[in-house]
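We call the chains A, B, C and D, going by the order they appear; numbering starts again at 1 in every chain.
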Amino acid sequence: MSRYDTVVTNARAMLPGLTDPAAVSIGIRDGRIAAIADEIASSEADQGVDAAGRLVFPGGVDSHFHIGIYRPVEQDAASETESSLVGGATSVISYFRTGSHYLNKTGPYREILPKVLEKTQGRAHTDYGYHIAPMTTAQLDEIDWLVSEAGINSFKYYMFYKGLNLAASSTDAAAYTMSDSYDFGHLFAMMEKIAEADRKYGDRGRISLSLHCESAELIKLFIERVKSLGLPPLETYHRARPPFTERLSIHEAGVLASEAGVRVNLLHLSSADAVKAVGQIRGLYPELDIRVETTLHHLSLTYDMLEGKGLGGKVNPPIRAREDVDALWRAVFDGTIQWIASDHACCLEELKQDDLWPAQPGFGGTALLYPVLLSEGHHKRGLPFDRIVELASSNPAKAYGLYPVKGALAVGADADLTVIDLDRELEVTPTLLHSAQEYTPFQGVKVKGWPALTMLRGTVVYRDGELVAPASGEFLKRPLSRRPQAVRS
Amino acid sequence: MSRYDTVVTNARAMLPGLTDPAAVSIGIRDGRIAAIADEIASSEADQGVDAAGRLVFPGGVDSHFHIGIYRPVEQDAASETESSLVGGATSVISYFRTGSHYLNKTGPYREILPKVLEKTQGRAHTDYGYHIAPMTTAQLDEIDWLVSEAGINSFKYYMFYKGLNLAASSTDAAAYTMSDSYDFGHLFAMMEKIAEADRKYGDRGRISLSLHCESAELIKLFIERVKSLGLPPLETYHRARPPFTERLSIHEAGVLASEAGVRVNLLHLSSADAVKAVGQIRGLYPELDIRVETTLHHLSLTYDMLEGKGLGGKVNPPIRAREDVDALWRAVFDGTIQWIASDHACCLEELKQDDLWPAQPGFGGTALLYPVLLSEGHHKRGLPFDRIVELASSNPAKAYGLYPVKGALAVGADADLTVIDLDRELEVTPTLLHSAQEYTPFQGVKVKGWPALTMLRGTVVYRDGELVAPASGEFLKRPLSRRPQAVRS
Amino acid sequence: MSRYDTVVTNARAMLPGLTDPAAVSIGIRDGRIAAIADEIASSEADQGVDAAGRLVFPGGVDSHFHIGIYRPVEQDAASETESSLVGGATSVISYFRTGSHYLNKTGPYREILPKVLEKTQGRAHTDYGYHIAPMTTAQLDEIDWLVSEAGINSFKYYMFYKGLNLAASSTDAAAYTMSDSYDFGHLFAMMEKIAEADRKYGDRGRISLSLHCESAELIKLFIERVKSLGLPPLETYHRARPPFTERLSIHEAGVLASEAGVRVNLLHLSSADAVKAVGQIRGLYPELDIRVETTLHHLSLTYDMLEGKGLGGKVNPPIRAREDVDALWRAVFDGTIQWIASDHACCLEELKQDDLWPAQPGFGGTALLYPVLLSEGHHKRGLPFDRIVELASSNPAKAYGLYPVKGALAVGADADLTVIDLDRELEVTPTLLHSAQEYTPFQGVKVKGWPALTMLRGTVVYRDGELVAPASGEFLKRPLSRRPQAVRS
Amino acid sequence: MSRYDTVVTNARAMLPGLTDPAAVSIGIRDGRIAAIADEIASSEADQGVDAAGRLVFPGGVDSHFHIGIYRPVEQDAASETESSLVGGATSVISYFRTGSHYLNKTGPYREILPKVLEKTQGRAHTDYGYHIAPMTTAQLDEIDWLVSEAGINSFKYYMFYKGLNLAASSTDAAAYTMSDSYDFGHLFAMMEKIAEADRKYGDRGRISLSLHCESAELIKLFIERVKSLGLPPLETYHRARPPFTERLSIHEAGVLASEAGVRVNLLHLSSADAVKAVGQIRGLYPELDIRVETTLHHLSLTYDMLEGKGLGGKVNPPIRAREDVDALWRAVFDGTIQWIASDHACCLEELKQDDLWPAQPGFGGTALLYPVLLSEGHHKRGLPFDRIVELASSNPAKAYGLYPVKGALAVGADADLTVIDLDRELEVTPTLLHSAQEYTPFQGVKVKGWPALTMLRGTVVYRDGELVAPASGEFLKRPLSRRPQAVRS
């Protein structure tokens, strides 16, 4: 019997706590990292992976994902997590909620969550967890169970559902959410429940609430105004949901969260206004644990770039202007933003079509997690590798109770990693992304820096553009209790 | 013909810009101050008023008032402005809106406002103006007319009407407001209209929006919770509308007003939380013109003091705890708060009765404007006289386009004044207040410092506890264009 | 006997607390204002002054002045206060200290101050007071006496004397100051003494410390550097004492004053950096009473404007660049700066000559107090009249214990006033300024808005460019105890 | 030949980037860490060290040290670095300067530094580097050479030397510093030189200036005052150098550093005032790189604890009061403070004796680096292990150009580590500390948590209270260029 199942040799690995890549070999046994050493001979392992002096990153943690939002959970779980491997992600955390879309029904999560897990089980190519959005008053009482037994430690509230559906094509929000009372009263009660769970179970890991920060009442006003402006559709959509609605929501979130004492994650911030507001509420509530996410597309795309390319790029919050992209990058560099996610939602062309208002929002992007950070971040702007790993892997892993089993190349951690071809440049096409979505708003964008190989718990699952292993993703029952020190019995 | 119609001799008058009372005589002609001199002989005037060395203040400007909210406008206009004279106020600015209460109807202000003025005309004992609350989308288009022609330069939005009626006994807010869309979209559109009017007509005086800062969605949540606590009714009501709902609303107001660039007045702040939030938004938006009001009752009463005394003290926002009263006084001293008003609403006992939730909120207090500031402010806490005059008279006059015709003892200004018996101490009774309201939450409170005589435009209208002149109040078409220098034709 | 000694008719007077000029007549008796009325007939007074509809301001209070710094006190007292009348000032407060310049000696103020007063007595054309700079440890013990008996309630510390003489031509500061220990230890001990006096006697009026904010240790470094740059002399001087030395000193002042609890006045701030630093220390120490002065020349001149015009413009702190002038004006408008002074020092040509380093700093400017504010402030930038009066008269009067006897047109106040020719435009020449100084750095500057007549305690002392009365200035024993209400025996 | 020279088995090692100890073995070859693995058999190495399940920390980096300040460099280099091993430190960075003490001479560092290195060479038991204090104008021009060739990337300025010697027994500072100009001009010029070097060479690692923050001019004032108070000597000393002198110096440092754009380290902060000031200047200058140090003694001792125990505890800044200790611990927890050092200075009893003022300041403490953090930090206050490692090892290593060769247990890093007996409790005695100093202010303090074994570059140098290897410390030529990835040829 070999000492290791697999050894990755000649790696320039990004190890936790270090700024520069380390020239090491990585020994893997039973799906976990068993050794990191200056040299491990291939002969010590059943299988060798030669990194050939390339960068090795911990597997990405794509923490904003939507399995099953527009298609059956079973289908998305398979095709869309395959797409994640392309971008170097080996874990995804998907949002799930009752109401319209997803399973199109409401009811207790005690009944519905097991069904969702059952549908995902055996189909995903990455490990996967779920964030849960309590939509009804009754579901608030399930938070304790979700945390203590179901492996869920992060929740969500959609601030703009107070008066709009997802596409902003209807103001019958209640029909959309299938909720009795989905307003700030509901939000505050939810915050209190989550804060209570954090006090009760927080020694096992952070328990938090994620917020979609946009304001329905303002959006309704602006929708009416922009309709007559005759602007291109994605600029129209941007103006219908202007950045200051994010600013308003962020300030509201600050007041409510500071009162409830709940940890919050501000999702997919899209604008200079939002970045500024984050700085303001951190100043106002220094004791609050506020973490901030932006997305790959808000860091890469502008509505100008997408003009004339249809409605694929409709998303909430909208694709913004150049100055917003620049402000987000500054926030990535100065530490305002903690992590990057794809907000991946496989939204087929038939749901987009040609009419702005009924078109469903969202699209896929998980295949670009590391590539966008390398291309737009490292190559164009000098973003250091250790910061890239934090943004795409260790920071979301820490925020959501996965670290250091996920998010770190460390002895005892899961052997999730990706080998990077730093100088490989490709023009994005749908095919490249391995998603079921037939188009991509990133179409034609040149991206430099791609995973050549992705490994999940010691198994090479993606190599050279091909899926090379069957679906072996497992449910991430959070907090992951295996700690890296607990190796081998 | 005498040189003056009236002369007030032996006055210790609070003149603008001076800290200490000045020993002067005041000569009055044609309702205005014609001279301020070290000595004017009684013989120079048809009539002499000997102030006998007592303080003389400019007539108070009670800028938060509700003529006709629960009773016919005609009745309130007469009885309740008489009450104002008792407290030394010679001007009131009443809120008026369409919807439930007041005239119980909706429609254009071009039609309704003249009717209101007609009903008030000839009945009021003080001069009077109106703040207007645009309730419907259509009324937003009347703002330009209201400002440019109708003499209205201050408006109002009720932040808690988004989901509650006034008594918080119904969540059918739309039925209550008779509005099509009374949400933040409406508010923001209103802010833009008012900001536009301010840019267009602001050289004639400040044009502003007043905000009732409480949050309906939270209140609905807390109402359900407090019902089962078994606490005394006014403490229950306090907990049903906790201070942090003010804090939330103030932060929302800050974001929205900063975006629209509108001048705002934060009305009747009631709590330590609210005071803190004001400091925060002033820090966040230093360029914004934010002025702050509190009320006589929030500076004087606690729910503990009112326990066992019925529902007379139900008011929005509620009567709070001792620490809130203390925080408000600190804010009065440190300049956070610009003015004090009564929020006078004559609410007869039959509208209160014994059940907390249906009981109507509000009560009268205008008769205590100077008395509370003298008793609680000067005697108990050392508040200087010049600050009292600012809080009760010159600051609201400046904010609402009346200064210096009102709010200043200056040559050319209206001869509105009140002579103060600084050491007179009385226990408050309804009779003392000259209001139609049969009770008062201030019942039994000892108050030291009362107007002995009140003069409106040169006429003694109140003296030694008695009304001594017929109603001669006139409509304050704002901004008042007579300036003190423009005397005599 | 007439009712008044003098009446000023047809005035558009700036009365305290009012924004706009008031059309009034002013009756004067026994040197004080006895009446302000819409109309006083000339026949009621022995003497009439027809203001002819022109603006009437309270006499200026030029609170930064140097009588006798370079010439005998007797001479400066006469010639330089005459110059003040030209600019509408009727009171000056001069700095005095022991050490080099002034009387060129040291010793106790109990002995020296009476001599200074004796030298000034009967010679000055304005009323005058003295700020005193305790230079030695022994003099610190005289602060109580100075405040309680000698009529001094403001003191001074020169932060750059720690290592430089006035001209920055010697680093033998001790020889210059004739002090045993003129460092931050001395400063802090002084602050404690002044704070103690303020607690003990402050009910009679504000007791404060004025600070010259520049840092000798840095200046010495920069002097060596700039010598070789070959720049024009006044730009050289600016670079030798760069704005950040003001910034450093202001922050040091903030720390020390906050620890001692002393009221401070930051003198003649000259730069954008200084303005910013003031905002910072006000934010850091909100409880501190910090008032800020700038000068006429820092608001009017740049070193570029003075290039090729000799060393007349050498002054501490130096004349700066355009962006500094602009920043100071913004600070005047936004309220950062409380008052304007001339820092008048009659420095004859023989003390300037052609060599930058030995040339003495300072020059005269008091004749431009109201003119510069009217010309640069009102005409060019729209500065309102009431703000001009605050800056040149009422604010320094309030800061230094003169208000409202000085600084206000109010019944009971001294009848110090100036009648303004708002549209008179003149090019500045030395002759125009009525000073003994043979040149002026303002030479050739066009100034619009000049006093036509200046009155001191009821006597017309300056009219139409001529001195028209003998010297009648009196010592301002502060705080002035006459209050405007205390009229007539 | 074995695979490893040494293997540490059964370690619970604090690895970089991980919160919890990892159960690993550590393989060492050629003085560096060659492997970290779940299991390495003892048979794979020439030598085994069984950590027996105990914590293993990276060797401490005691970054504030004084080799040779009071004794010959040769002697201190030997005895005092031996003391460091007791506390788990394997690197020290000593301050060195010309002037009194140390070598008691001045001159160019090009000549003097080689002599210092020669004297240290072969004698130290830890690796060692030097911070250099440029004392003369001429030495400022050596900064470029020191950085680019001599391996020095951190400098020092003593803010209180402006007017005092080290013991505060003389004000002839120039004689003490042997400097031409040791004032803020010198400091600012130094800052500019260091900032320039940072721009030029900073890609190789951080180049910074360390500041001793106390103000001589104030101290001189307070010394005179406290002499007559009759207080115990160490409380007297505390009052002679009150916390607000730190506050003043910190604000001065902020202004100067922000102008020069230099990275600064604020050394041995001792008080609540200092902590507050740090927060203030970070707020004022957010772009500045400001790092903060405190010492073991300021975290452990109060002047009350040392009363009656002689002058051993005299140190600059002084031992403070309980509330200061508490504030420093809060600052350790909230991240205000980046690292902890000993400020070790071996000061024999003969230099202390019985008279407060001539007694030399300082004492040894390096032997307590990890013990105090474990005892006072972990056991008493719950300070996490990863934070302890940051404070004592990785943060100073990062700040001073040593990381990750020092400060991290990582493959490729130097095999500097210490095995911790977490529950071993000992009462401090001089003997225990292995220093030449005959006493210790920590005498009698119970400390829980001690290194059982310390290893320097793979060699066990200290075990069970005994030095077990000859001196093998090497000069740390900074920045250390070996990176952990660059292992083995």
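The rule is simple: a contact is a pair of C-beta atoms (placed from the backbone, for glycine too) under 8 Å apart; a residue touches a chain by one contact, two chains touch by 3 or more.
Bear in mind that the values here come from a model prediction, so they are computed numbers and not experimental data.
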| item | value |
| --- | --- |
| Where subunit B and subunit D overlap in contact partners, by chain label | A, C |
| Selected interface, A-D versus A-B, where C-beta contact pairs are more numerous | A-D |
| Centroid-based (C-alpha) most distant chain relative to subunit A | C |
| Distance between chain centroids, defined by C-alpha means - subunit A, subunit C (Å) | 64 |
| Centroid distance [mean C-alpha coordinates] between subunit B and subunit A, Å | 52 |
| Averaged-CA centre spacing for the pair subunit D and subunit A, given as whole angstrom | 42 |
| Residues of subunit B whose C-beta touches two or more other chains | none |
| Chain contact graph, described as a line, ring, star, complete graph or other shape | ring |
| Those chain pairs that satisfy the touch definition | A-B, A-D, B-C, C-D |
| Residue numbers on subunit A that touch subunit D, as the complex places them | 12, 15-24, 27, 29, 34-40, 394, 404, 408, 410-412, 483-488 |
| Residue ranges of subunit B touching subunit A (in the complex, touch as defined) | 163, 181, 183-186, 188-189, 215, 217-218, 220-221, 244, 247-248, 251-252, 254-256, 259, 280, 284 |
